[in-house]
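Before any comments, here is the structure.
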Amino acid sequence: MSKVATMKDAVADLVRDGDTVAIEGFTHLICFAAGHEIIRQKRRDLTLCRMTPDVIYDQMIGAGVAAKLVFSWLGNPGVGSLHAIRRRVENADPGPLEIEEYSHFGMVCRYVAGASNLPFFPIRSYYESDIPTVNPRIVPIASPYDGTEVYAVPPLNPDVAIVHAQRADAGGNAQIWGLLGCQKEAAFAAKRVLVVCEEVVQESVVRADPNRTVIPGLIVDAVVEEPFACHPSYAQGYYDRDNRFYLDWEATSRDPEALAAWLKEWVFGLESHRDYVEKMGAERWDSLRPGDAPSGQVNYGEYA
Amino acid sequence: MSKVATMKDAVADLVRDGDTVAIEGFTHLICFAAGHEIIRQKRRDLTLCRMTPDVIYDQMIGAGVAAKLVFSWLGNPGVGSLHAIRRRVENADPGPLEIEEYSHFGMVCRYVAGASNLPFFPIRSYYESDIPTVNPRIVPIASPYDGTEVYAVPPLNPDVAIVHAQRADAGGNAQIWGLLGCQKEAAFAAKRVLVVCEEVVQESVVRADPNRTVIPGLIVDAVVEEPFACHPSYAQGYYDRDNRFYLDWEATSRDPEALAAWLKEWVFGLESHRDYVEKMGAERWDSLRPGDAPSGQVNYGEYA
Amino acid sequence: MTANEDGAGGNRTGERGLGWSKSEMMIVASARQLADGGVCFVGIGLPNIVCNLAKRTVAPQLDLVYESGVFGASPRRLPLSIGDPTLVSGSTAVCSMFELFAFYLQAGLVDVGFLGAAQIDRFGNINTTVIGDYVRPKVRLPGSGGACEIAINAKKVFVIMRQGRRSFVEKLDFRTSPGHSGDREHDRRRGWWGSGPTVVVTDLAEYRFDEATAEMTLARLHPGVTLDEVRENMAWEPTVVPDLAETPPPTDEELRLIREELDPQGVAS
Amino acid sequence: MTANEDGAGGNRTGERGLGWSKSEMMIVASARQLADGGVCFVGIGLPNIVCNLAKRTVAPQLDLVYESGVFGASPRRLPLSIGDPTLVSGSTAVCSMFELFAFYLQAGLVDVGFLGAAQIDRFGNINTTVIGDYVRPKVRLPGSGGACEIAINAKKVFVIMRQGRRSFVEKLDFRTSPGHSGDREHDRRRGWWGSGPTVVVTDLAEYRFDEATAEMTLARLHPGVTLDEVRENMAWEPTVVPDLAETPPPTDEELRLIREELDPQGVAS
């Protein structure tokens, strides 16, 4: 049973106003194309969750889709700030943005708890930090054995998780290599899962290497094939991070008018990510293509 | 820095009388050869931990190496009982065996807690079961959010974990495919780690596919190359489970004299697992060899 | 539980002259319970055969999750155990046991789990731990394995076991895995995914649990089995549904699948 | 913290006519702290360059664990971030972030972690969250990321930052990551792996923490920096070690590595 859909249909079906949405991916496999489609479809009042709100969340929040942000590190990694988000947090400009803040491990464990149906997850963090004083959801809990104090974080169960994979079959079995971030945990924690991938492959490709499967089709609602969907982030083995874009974003993001113009040109002015890829131009994509570094094969053995 | 050692030296160095030892592997990659070497070196008073004490623990406990067993399912899977263990539990014959008993998920989470330096791990199990009444280490704990009751299990930190991998480099970076069981968690939880493998490979083989690495050399104390070390269990892609051995064990295990004779012939009477492989004979190994089922390759990309 | 300890295996064709064995009837009746499809959690022993029979008959869309960490298996031979390498080669996903128990079972993705039992009581509570005293047992059984988690976290639980006066007991020697408490109001408040066993299939009959009392209730007799025979093989006087029916006998195709494909060596059937 | 927000980057050769920049001095002095080797936890920004410089100079055996989940990286180019694909290709292991934080950092496998800071107090407590009020901040900073976990779970913590009156403060606007409490007895009883920062390296000087008082103590001035200049660039009157020394200047090789290999575009140095 094929779950293959277009990005337009998948976002229309799976992402609703007011939803809690997690687009995960730690520097690697951040699905910008899905974020753009959410902007294009003018979703509103979303609660956006991500360990590291990246340029994509700056774009989405700059475009007005979100009422709240749940995160653990807010920045344009290696470059600077996310100014659209900062304007809303610092000056409520053009409106306030509610925030709910954790540390990295706290966010990861919220997804683990959500994926595992645990009412809380204990971690050794937050001791003598002010973070729990501004986030009352982080609370101390004593070990039932010796009273050792740890901190609990609550489960996070997004309405929708959007994860990008290098490849998936039509049933949604998705394979990822390179950095894994917390995509598996976020997907299992979510009520609905959208898998976007560079390539939809035959089921036999997935079945040849089942240990490579990070997300089983069982929990997946739709599969979208969308090459270069992570740009300016990257897909290991497919294309490099486009650092120029990240550097350029600093200036775009600082200026609300420049940001609006960017959104108009690159999101609202285009029908789909295919148009974006075309507009970006073959030269840019060529410059981001890595050389080959094959994994080698292992033998699973045929046991017949 | 090579950590490659012989099984004899590795066991002599890493396994001491009175130690808590975990040989893990869920049906797959159970390192019988290490168990045999522990028997051969006449270790005593071990606390043996395993989710599923298999024929190897029946052999070890029958040989008198253990004072205690920590487990979650006691049997010869698909065949019957482990009679040497049962004699000690049911009749203290030839002496008592202390037991500490969990469920599967409880055991797994004890390793996870041990690997994570958590003072406890919460799970949704044990409700209205008698297991906590006979194991006071399993205790209820309330969620700090809404009072939801879960059960806590305590961390398990073996003195030594012994895990088998299909391949490892000389530094101990170990790669496994097929069933993963709880080997990673057990290894990270242990104070000392012995990796046994079918093949010691060049570091470049490991580095070609880093997502395949289950155990990093960082936590490994010694690497032993020992082909067929899991027999009668199996190594995916290398050899099949020797079901005949499991079936035959039922009768051997029932009769203390037959068990003693088996240990004499196959363990004490041999110098090493190499002798065992030779004694078992080429025909047996040939009959266990699977056909080929290659994984296919992925491209990690060269980013230079 | 292993197949042997379930009391399965036996005279395949001769019993009662019906042309099938008690174990075969039990397997067939169990497989038919899976007609609704969904996600099945497959443990050691009989469930392996039951699920694979269902997949080839009443429920081709059944999703099998193996306790060992395999999803979407496509075995080329009958798996000898839930950890058989043939389950891995050609499957769609393999995961660690932590993920299997946490993200699949505890998370509520599993629709049906199976339990075997050495002892069961009238409310579907189950003992797979010891016969006799825990500390000095008469018979030391395997223990929980994943059974306690299955009982609590699978949405429905099917029990498959041979029945007799020593297995269908008034009082368990040990409660490994919880069933119904006997108080439906209490059960509803427990807040687990699982709601206690829904079906018990034995070599003699099929049982459901009464809506009001949560008591195990005789729903069907297997062909050739009498009510008296059932009564003799349990330690309490069973409640019987008003419309007590007979289990439809195994079809030729069901028997063929078991004998030729799923258990050609007759280990479990 | 990003490189830019650390206040790093600057006039590489012209400053003070010494032939190296303040940032280069800070990187070099930090890298030398790693001479003991061990396992380093590498986060975003400067630590990336510092660790890679140490590996090529004082500590070839240094093991680098990247926050993003990479162990045993063997990068073919300078990583643009801790998530750069060049860190993955040719590395010895990749793991999920849960495993990285749980099995490596929280488990106590990490010998040295790095923290940057927008503000630090005399006991090494660190703010990377906000300047001003939390709810209506003057400047919203990145927040913790992994910093709070590093402070608590790495055995030693090194702090690298530019210093000034607005960053070396009497009182933090927000304590993101705990340092020393000021009461050594209390700190010993905390029972974490981490024992608070052990070293602070700035663009002007190097600091240690006093055994008895846990107070940050000026231990070395970088070449060309005066004690008065240090005093002007912090909000409290610093304790100074009796034998105040000068940091050995960067060697030609250290500068060459930074300029030609590790940060050829001068992003951070």
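Going by the order they are written in, the chains are A, B, C and D; count residues from 1 in each one.
Just so we're on the same page, contacts are C-beta pairs under 8 Å (C-beta built on N, C-alpha and C of every residue); 3 or more make two chains touch, one makes a residue touch a chain.
In this text the structure is predicted, and so the values were computed from the model without any measurement.
Student: Applying the touch definition from the top, give me the chains sitting in contact with each of chain A and chain C.
Tutor: Per touch definition, common to chain A and chain C: B.
Student: From chain D, which chain is the farthest off, judged by mean CA positions?
Tutor: C
Student: Between chain B and chain C, what distance separates the C-alpha centroids? Give it in angstrom.
Tutor: 28
Student: Per the centroid of Cα atoms for each chain, what is the distance between chain C and chain D, given in Å?
Tutor: Chain C and chain D have C-alpha centres separated by 59 Å.
Student: Could you give the separation in Å between the centres of chain A and chain B, each centre being the mean of its C-alpha atoms?
Tutor: The answer is 37 Å.
Student: For chain A, jot down the residues that touch at least 2 other chains.
Tutor: 112, 117-118, 123-124, 148, 177-178, 180, 184-185, 208, 211, 236, 240, 290, 293, 300-304 - these are the residues of chain A that touch more than one other chain.
Student: Note the residues in chain D that touch 2 or more other chains, in rising order.
Tutor: Those would be 70, 84-85, 88-90, 94, 102, 106.
Student: Based on which chains touch which, is the overall arrangement a line, ring, star, complete graph, or other?
Tutor: other
Student: What are the touching chain pairs in this one?
Tutor: In this structure, the chains touch in these pairs: A-B, A-C, A-D, B-C, B-D.
Student: Within their complex, state which residues of chain C touch chain B.
Tutor: 2-5, 44-45, 67-70, 80-85, 88-90, 94-98, 101-102, 105-106, 129, 134-149, 152-153, 174-178, 181, 190-192, 267
Student: State the interface residues of chain A toward chain D in the complex, per the touch definition above.
Tutor: That would be residues 26-28, 51-52, 71-81, 85-86, 89-90, 101-105, 108-109, 112, 123-131, 134, 148, 177-182, 184-185, 234, 236, 240-241, 243, 290, 293 of chain A.
Student: Chain A touches which residues of chain C in the complex?
Tutor: Touch list, chain C to chain A: 39, 63, 70-72, 74, 76-77, 84-86, 88-94, 99, 102-103, 106-109, 193.
Student: Once bound in the complex, which stretches of chain B touch chain A?
Tutor: 117-124, 139-141, 143-146, 148, 150, 152, 154, 166, 175, 177-178, 180, 205, 208-209, 211-212, 236-238, 240, 290-304
Student: Given the complex with chain C, which residues does chain A contribute to the contact?
Tutor: 112, 115-118, 169, 171, 173, 184-185, 188, 203, 206-208, 210-211, 213, 216-219, 300-304
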